[in-house]
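For reference, the structures are reproduced in the following blocks.
Next come two complexes built around chain A: one with chain B, the other with chain C.
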Partner chain A sequence: MRSLERLTLAHLWVAFAAFAIACFFGVWQMWARSPLPAPFVTPDNYFLAVTEHGVSMAFVLTTFFVMGFGYFTAETALERPLPGKTFGWIGFILGLIGAAMASYAILSGRASVLYTFYPPLTASPYFYLGLVLVIVGSWIWCVLMIVAMAQWKRANPNVPVPLAMFGTVANAIMWLWTTAGVAAEVLFIVLPASLGLIHTIDVGLTRTLFSWTLHPIVYFWLFPAYIAFYTMAPKAAGGRLYSDLMGRLSFVLFILYSLPVGFHHLFMDPQEPAGFKFLQMFLTLLVTVPTLLTIFTITASFEIAGRLRGGRGLFGWIPALPWERPMVLATGLSFVMLFFGGGGGLVNMGYGLNAMVHNTSWVTAHFHLIFGGAVVVMYFAIAYEIWPRLVGHEPSSSMPQRIQLWLWFLGMMTMSLPWHWLGLQGQWRRVAQFDYSNPIIAAWGPWVVVSLIGGLLLLASALLFVWNLLFLYRKPEAARLPFRFALPVHPVTHVPASLNGFGLWNVLVAFLMLAAFGWPIAQAFVIEAPHAVVHRVDRGG
Partner chain B sequence: MSNLEQEILRHERRWTAGVIIAVAVILGAVLYAAFALHVNPPSNIETIDPKTLHLSAEFTESNLGTRVEAGGQVTTRIVTAQFAFNPQCIVVPANEPVTLRLASPDVIHGILVTGTNVNSMVVPGYVSQIRTVFTKTGDLLMPCHEFCGFGHSQMWATVRVVPRENFRPDANGRVACEKS
Partner chain C sequence: MPSFTASIGEVSAMTQPPISEEGQDGRFATRAVVTVIAIVVIAGLLGFVLIPIAQGQSAGLSAFQAICRSLGIQPGSPAFRQPSSATVAQPVSMVAWTPEVIERLHRPNEENGSDIAANICVSCHIESGAAYDPKIPHMEGQSAFAIYKQLHDFKNGARVNELMATIVQNLDDDQMADVAAHFAVLTKGALDPRTISSGDPDIVRLVEFGNSARGLPSCASCHGVHAGGPIETPTLSGQRKDYLATQLQAFAKGERHNDIYTRMRSIAAKLRDDEIEKLAEYYSAQLLFRPQD
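Now for the complex of A and B:
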């Protein structure tokens, strides 16, 4: 079994190293944008930092965390050795080489195109090739997850797949669909342009293809948090999962409704037909359903736990919960951030409302709160939860973990609530420095400083997190027990075949993607939109 | 089924009904805004070649800025390029329909006007068009809000909203910011 621990730890350490580095870049960016004098501020440095922050957080932290946690879940939930660990290591090494290549291109100043690329801006080929390798590594993970579940199902006919693994494979299948869009954009347009094989680009088409990926990628990052909500938090709270079926339903709804919705990132674009924007807006609205179901089910699970621990009355079960446990605390904090971030998200997806907030700090606030807040706080909790199993030692105290989680929560709220306000005032995104001599902009200054304070709290929390993982787990384990996931209130003896596999859902996704993206992609070839000339950012100077 | 199981099912059904109602209310609000108030995103599938923008009839330098068209419609044409707007300052009348038309000769840009809901991407290959009414007079900021290169932070323009009586087109129907 030692081999599983090594594979998981390798992935998680790459993820957390990228995370810690990215936090430094993030804080410096906020300092540069504030009215306070900051060192090293040039546009080149700023956009280099934004690119490195985005790539590290959105591609490296997430992908490596999802893969590491997936390998861990596959072996512990299915209670049998993971097949093809060698391939897992190959995927890891490909991803690591890719991440290093991309970072090399970024840090040498030849890939300042942000993690969302913006063709016809064109970076060094090392940047795109590096990211392709990361994605190829993650595809290997997807295949291994699917194979592990298939083998288990063959060995256990008519038995429901354990919920944690069902969620993990749901994510793998969603990720294969998700990456098709960006893979087409990079392999057929952006990489050939970077290699000098083509000199002009259909910009509208690249935006359509990227939007294919842009929303479900966020759910790829989010899946581990939801898996933890369903299969770890109820147990940590001392209770049971309210409904296993709700978990399955939420996971398949994520596959369905996170994919055909990327146009809500393109509401303000000229090239997409209004009818398709409307269709994808409607489907975006439906992706709130699995989240609302999850909030109900997890809250109900916590209520059961609270009442088992002696909590009485309408709300008496809340203080009765074991909030000193990191997983329980993180789930609570995550829900608060999900409330604010989700509310902001409803505004973003508002077909008309979006015009008030598109490309303002409101959007930056939204995804920092949802991903950086609600999701990453669960990454911390998952790491704390599985670390004893990985390193063979218990934490000597949970106090530093709780301090770290609270710091992250307070930092994220202090940073992102002012950003929402500034966004409504019209503060736009992706700016190295503001001209604070302008009276409109001058009024924003104090709030930018407040958000910088939030950023410093986040950095402190990030460093404490790494310290906790390195030095807190020193107490020898009493006995080496197998890792256990939460049990449902009612043991699941059988589930409908549609909720024990993904065949039906793949067919439905194919249909929805055809309806949502078929014409918008075809349109590019039918109307033959004029191309733009490639603009390199990696030559000259 | 046991009583507890029945109870769980009943709670789940109730919550699901609540979720469906919430989704329906939000969708109703969006539909009302779209059809009754005509609040829609700025789709405009009208192509233009970025490589020859400066040769096109509409986006040549002499045709940029605000003009009162033959029918009395006020139209403002703007070229968004690395790293400036042309023109850098536009004049529009308050409380009157205004059409903004923007095009890019190089990379992706985007605009918003602070304090309004004017917001659009400018994608090379397409003309972006926004119809709006400015209700407050004064100088508003119109920054480029999409990353377009290292000079992005310096790319912004001014929208000068003037009362109708101060909006005085010249013989060709043009209105420009006074040099100050």
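Now for the complex of A and C:
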């Protein structure tokens, strides 16, 4: 096996192992919350499961998948060896040690989502150090991606960077901006507090820094899905990408408008002025633009493919598409979940409507549908697409892959649509158990059981996914062909210089971040803010 | 709407070609900058000027005040002054968990603590913090915070006990912190309620889950192994049965009232006498010791 395949597979297997384990925790949580008698239910166990599920899914699955996919893309899209693979392995090992440390803290009951990022409460220092190591590992990845693109540009002056790589580096740059907030919070405030070096915390400042990271981190997870929409789906559908330029524009819009918007997580917080909450809400609204651009472009690309395959009439191109191919099917399913998840997101970002759904199951439903659904289904499709190149074998059949994707889609819809409904009824998130004998909430019970059924479908799909990767790829390849990304309808000979690099966008992000976060952070130093006494919950108070 | 089957060449001819002239680079960048600035200006006008002024009018704010408040540079919410009252809230406890107190409890003067313990406390609480008289509580397994709060409350009368009040009168805050830390260090850790071997299922349920229909939170939500309540929450596991029952009754009747926000008074008042007895028995049963670190 060659070095790129080894590096990519190592990352993806860590990601998918964490994913599979986290699915078990997820189903058990649904069971615990349902009226059905579940084993091992205590509040301690419930929150331990929530924390391990969340950290595995949101930090381990995503970070390792993004890194592995990035390494793969850098070498295949640029068609030259990835520089500094040794550093890639160092980043991998740092991330692995970090994930193990965080898991140790969680499983030993010293870090729970109830207090890890709710200052002045602090968890075990191992948890924070673990996160820092994962982030440092991902920074190494960012640097390698930027260096790979810079070297390629030097070797190919005046040639547009391949779209897949442009998207990957856009994500790396966005991630560097993103992690600055939580890194500052953890390194300068929370970790020292957790170690007992400082005894008071400015809660408002800490929460503001966390919100800096809280929204764009989601787009870091989402980027691979969008890269696949633009550079894999049109080819899988048998057509071409409608517009390469639209892809570049979407990627830079993600950098611009996913960053200065985190205050929609702080609408209920008192420390920030209302004007800045409004400003960030307004900018949040603009995050929909790259998504709408993408839906338009990919639908247009699919229409091209459908018509090339003989589709006629207004909608005749849709059935003409090769839905039996996992990448095409996953894109279609992803768009359906994006529709519902995105709609829910628009409600969350509204200053007024947010108050209705704040801290209810609605929020959990939203991020499961948009990340666990629309994004993760594309992670599956990407894995299916690049696996032949990684293991040197073709799948013997696409049927188990299609079953797996459909199960995931049906499971996610069955689980999360009732959650939206229950959220509107006022069902709280992060509550271990409900007393369904209470007539006020008795009617919630059946809907929670429906969600549990959805959870079981998801678990079945997750296990089938791992089985597919392990056992389906057994057919020898006819010939070892290089991996190819989708071609645009028009060969890209020239793009505006600003869409072939990130200089301009970094300046604009700096401007937007200054406008959105400048004073809200500065006020913590200008106006004397009240400090709260640190409570080291992992040490019993 | 034409219906057609197209070739890639035809599709290519029907869609717009990409931007291809060199001169457009600069124009694109300029437009991008202008657009981003325009968006921030529009959002700023709405968020910092128009909406605050419009909403401020109904709250009786001048335009200048409204804009300042939207920027967060003129604190003073709510918009109207609250009616003032001559009533002054009476704190139920004078303990303030300041960084200084916490620091002292974490890093006490050990010699001072053991001297005070040897000269004053051991006559009733013996050296380990245990007690023979059923009315006197064990201090085994308690945190320094829990012991300190009770000493402080005895001293200023928040908790009434003639004997203890007399004893602590001569101790200052640092001395109370030192002696509290002394007893906490002797039995670092807590007795683990999860190791109890048996118990009335209704009582176990009350301890672990509470009873939402009666508005009773679970005891474990604050007194559990990983205390989720206030830092001074005492350990109940292994405490004297008589002491626990007496204290719950005192809370229920309001005779003991050094619980902030009347937490224990409101809980104890909802408990039946037989539940108080059984809870006291549950927590006093022999449990396994769980070292803290």
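Here, the second predicted complex is superposed on the first by the 535 of 541 C-alpha atoms of A that agree within 3 Å, B and C clash if a C-alpha of one lies under 4 Å from a C-alpha of the other, contacts with A are read in each partner's own complex, and residues count from 1 in each chain.
We take it that contacts are C-beta pairs under 8 Å (C-beta built on N, C-alpha and C of every residue); 3 or more make two chains touch, one makes a residue touch a chain.
Source: prediction; values computed, not measured.
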Which of chain B and chain C A:Val161 touches, first, second, both or neither: neither
Chain B versus chain C as contact partner of A:Ser243, first or second or both or neither: both
First, second, both or neither for A:Gly316, with chain B first and chain C second: second
First (chain B), second (chain C), both or neither touched by A:Arg307: second
Contacts of A:Ala274 with chain B and chain C, given as first, second, both or neither: both
First (chain B), second (chain C), both or neither touched by A:Val287: neither
Which superposed partner A:Tyr118 touches (first chain B, second chain C, both, neither): first
First, second, both or neither for A:Met337, with chain B first and chain C second: neither
Which of chain B and chain C A:Ala355 touches, first, second, both or neither: first
Set of chain A residues, in rising order, touched by both chain B and chain C: 43-44, 114, 200, 242-243, 272-274, 277-278, 282, 286, 433, 438, 489-490, 523, 527, 533, 535, 537
Contacting residues of chain A [partner chain C, same complex]: 42-44, 109, 114, 196, 199-200, 239-240, 242-245, 256, 272-279, 282-283, 286, 304, 307-308, 310-314, 316, 433, 435, 437-438, 488-490, 492-499, 504, 508, 511-512, 515, 519-520, 523, 527, 533, 535, 537-541
Sites on chain A touched by chain B in the complex: 43-44, 46-47, 112-114, 118, 120-121, 200, 202-204, 207, 242-243, 246, 266-274, 277-278, 281-282, 285-286, 288-289, 292-293, 296, 300, 346, 350-356, 358-360, 425-426, 428-434, 438, 440-441, 489-490, 523, 527, 529-533, 535, 537
For the chain B and chain A complex, residues of the former touching the latter: 4-5, 8, 11-12, 15-16, 19, 22-23, 26-27, 30, 33-34, 37, 39-51, 82, 104, 106-108, 110, 112-115, 117-129, 141, 143-153
Contacting residues of chain C [partner chain A, same complex]: 1, 3-8, 11-12, 15, 17-20, 22, 24-25, 28-29, 32-33, 36-37, 39-40, 42-44, 46-48, 51-52, 69-73, 75, 97-99, 102-103, 106, 143, 145, 190, 208-209, 212-213, 218, 220-221, 224, 226-228, 231-233, 292-293
